[in-house]
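Next come two complexes, and both contain subunit A; in the first it sits with subunit B, in the second with subunit C.
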Partner chain A sequence: MKKVPERLIDENMLRVDGRRWNELRPIKLEVGILSNADGSAYIEQGRSKILAAVYGPRELHPRHLALPDRAMLRCRYHMAPFSVEERKSPAPSRREIELSKVIREALEPTIFLELYPRTAIDLYIEILQADGGTRCAGITVASLALADAGIPMRDLVVACAAGKVDGQIVLDLNDVEDKLGEADVPLAMMPSLGAITLLQMDGMLTVEEFEQAINLAMEGCRQIYKLQKEALKAKYTAIKEEVETQ
Partner chain B sequence: MRFYENRQLVTPGDLLAEGDYVAGKNTYRIDNRIYASRLGLVEYGDREVRVVALNAFYVPSVGDLVIGKITEVNVNGWIVDINSPYSAILKASDVFERGFKPQKDDLTEIFNIGDLILAKITSYDRTRNPQLTIREPGLGKITKGQIVKITPTKIPRVIGRKGSMINTLKRETGCRITIGQNGLILIHGKNPDDERLAIMAIHKIELEAHTSGLTDRVTEMIRREKGVRDEEGS
Partner chain C sequence: MYSMVISRVRRRQIAQLIAGGKRLDGRGLTDYRKIKIEKGVIEKAEGSACVYLGRTQVLAGVKIGIGEPFPDRPNEGVLTVNSEFVPLASPEFEAGPPSEESIELARVVDRGIRESNAIDLEKLCIIPGKKVFIVFIDIYVLNHDGNLIDASAMAALAALLNTKIFNYEVVDGEVEIKPGFTQLPVRNYPIAVTFAEIDGRLVVDPWLDEEEVMNARLTLTFDKDGKICAIQKGGSGALTKEQILEAAKIAQKKAEELRKLVVES
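== the complex of A and B ==
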């Protein structure tokens, strides 16, 4: 069992993993890593590791579910049995089913679903290692995988959480902070359009604290957005440089 | 106002232009702002702003030549996979010269599951799946050659400006190359080595589609490979 820390923020104002209140965990993003998927992406955010794959748009089976005026986005958020300390049953839990729905609804506004009626876009988000903030990181990778699949989108969707830990508003909570802290506010947005597509809260905050948390989470989103764009372009700029310096 | 240079790499959601512009391919408009909707290279025209996508899937369009695979044989026609979100229909009445009788004619004798065909799209309107025809010279079952699959958005690059790239490929490799608009390319050469060379060149084009001076580099690569091969042969 993990040792439970006595305090989540020490006398130097550092958090359990040594971050300051407004710091994100280190993020690593990779795009196009699965050859059999139409689009794929991988994220490491601190100790959370997530893989996303997109298939489609493709014909929807069973046929009678097809929507006559738009494509259907189907999303599966799934935690691997080995992703948490105590083995998790591979069957989808209540929480995973809910998160699948929430993530789908966070991504639907960005996709031009009406362009491809009667088809399905299948999105699989696999949590390989969970250390808090997996719904946010899941949304962040999923939108990269969608862009990699060449699906027309209004903007990339980025997600990031803010919360309250030991009386202090902090950015990007990890597992311990999420479980022992006072509140957690996950937020997903389309930064170029300034639109929020997901906003949840767990715990208690005053109105002022809530506003502070939202602003902090949006700031975190903008930082991740830059990394997302770089990750998408990385493959192509590498080829271009290699070819043109020859 | 333009926010990028011509042929710069952009991602979905990037603000491309503001003002009196028309939203072209892979872009969309909110008020007077034009945004990108796919990862690709921006191109600014006089008034039009468009993005040449780096990866996309094939959306059928009437008149396109496509290469497809038979996936189903029905009573009165075939279902064809054309590498697109929608599968295509080839009617038996299109294939049989005179009247066609489902009781008498056996469709599998013409095309069976797994057969590859070259066909043209005759109708498509998004509410119904695309329809194909093979009633034109050169169309029909593919019996020889090799197939390469690339991203459909890179087909124009393989053809090149006024066919410059495709003509180079044909001349240098001596292969017959038929391009399906859906991203499948049929290559038929005198010997497998020529075909392999053409396939290598097409993969190079796909990989480096977003760079400049590609035709020259492809020519150079083919000549170099041919030189190596001739040396080994002698």
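== the complex of A and C ==
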């Protein structure tokens, strides 16, 4: 068992991992890292490590599920057995089934599904290591994988959580803060459209605190949005350099 | 949500009415349907309640068992919430493993009860680290006409308020049941309020046809002090920040009204 810290914010107003209230964890993004997938991406956000891959649009099986006027987005959020402290059974848990649903609903609004009737777009999110905020990081990395697959989108979807820890509204909770904190508000949005596509909360917040948390989470999203765009560009800069040196 | 086919004419009619502040069934945008709550409908269950929300009908039953606590919470009882979309409730429901919607419903109801600390779980400890009471809440959807979340949250709370635990005595590390019952310690009353977003407008307590037409769904659960204890957005559309904050204001008031109904029923 891990040691439980007594306080989550110290006298210098620093959090357990040394961050200030409005600071994100360090984020590393990579696009196009799996050769078989039509699109793929990888994210490290603090100690959370997540892979996402997209297959499709492709033929949908079983066929009777096909939608006559649009593509069906299917999403699987899955945690590796070794991703958490105690081994997690690889069978999908109720939590994973719920998260697969809300992540799908967070991404559907951005995709022009009507361009690919009768097909399936399959999205797989594998949590290799979990340290809090995996649904949000999963959405951030999944929208990069969708973009990498060349699927037409209205905007990138980016997600980030805000929450309440030791009485203070903070950005991007890690695992300890999520478990011991007072509230967690994960939020996903399409920044250029100002549209919120995922919103959940658990914990206890007044309406005023909730508004602060939303504003903070949206600010976090805007910061990650910049990194997402850089990561997409980086892939093509790398290809360009490779071609030019040949 | 459940891929029920609804004609374009009806879709447009619902949306146009809402744009003008009206609804197809005559309600205002922030009106609930008629609510009826009956407690103690199943004698074999330690607690039960049936909620009628318009034509939506949900039955919640509470069973009390004895089991082991979670290792990280040795002094607390265990709460589990499960829901069943029984096939007799809708032509869209099928027997078999729980659907995504059913799991989401149970988890949203669970979150409201858990995060508001509605049940004093420490009072449900029998022998620390070894034996605790387990509270099983099973939500049974009997007729689906929309807004299952609010109906289920009310049914679960009403059933908890109606729950009695058998008296017991610990003899040599074994639990012996004694005559008589004690009320389950419930100290908070979480109430869920759900909105549907249809063509940019929010409506409270969507019925089935409105759920078919909606872009997005938003549920806010408020505790007895007017604090938010759970939120869930659903549906494959988006919401703006302004819509969410407007919903929070409306829901805070609505939760107050509904809470009275549930507690006083």
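Criterion: the second predicted complex is superposed on the first by the 237 of 246 C-alpha atoms of A that agree within 3 Å, B and C clash if a C-alpha of one lies under 4 Å from a C-alpha of the other, contacts with A are read in each partner's own complex, and residues count from 1 in each chain.
Methods note: contacts are C-beta pairs under 8 Å (C-beta built on N, C-alpha and C of every residue); 3 or more make two chains touch, one makes a residue touch a chain.
Just so it is clear, the structure is predicted and the values come from calculations on it, not from any experiment.
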Once the shared chain is lined up, is A:Asp148 touching subunit B (first), subunit C (second), both, or neither of them? first
Taking the superposition as given, does A:Pro191 touch the first partner, subunit B, the second, subunit C, both, or neither? first
Just checking: does A:Gly163 make contact with subunit B only, subunit C only, both, or neither of them? Give me first, second, both or neither. neither
Is A:Asp38 touching anything from subunit B or subunit C once the two structures are fitted on A? First, second, both or neither. first
Contacts for A:Gly220 in the overlay, against subunit B (first) and subunit C (second): which applies, first, second, both or neither? neither
Could you say whether A:Pro117 touches subunit B, subunit C, both of them, or neither, answering first, second, both or neither? first
Contacts of A:Thr237 with subunit B and subunit C, given as first, second, both or neither: first
Pick one for A:Gly138: touches subunit B only (first), subunit C only (second), both, or neither. neither
Footprint overlap on subunit A, where subunit B in one structure and subunit C in the other make contact: 190, 193
Subunit A - residues contacting subunit C, complex: 1, 94-95, 97-98, 100-102, 104-105, 108-109, 185, 189-190, 193-207, 210-211, 214-215, 218
In their complex, what parts of subunit C are in touch with subunit A? 72, 100-101, 103-104, 106-107, 111, 114-116, 218, 223, 226-241, 244-245, 248-249, 252
Quick one: in the complex, what on subunit A touches subunit B? 38-39, 56-59, 68, 110, 112, 116-119, 147-150, 152-156, 190-193, 228-229, 232-233, 236-237, 239-240, 243-244
Residue positions on subunit B within touch of subunit A in the complex are 9, 11-15, 26, 28, 30, 35, 37-39, 53-57, 59, 85-87, 126-127, 151, 153, 207-208, 210-212, 217
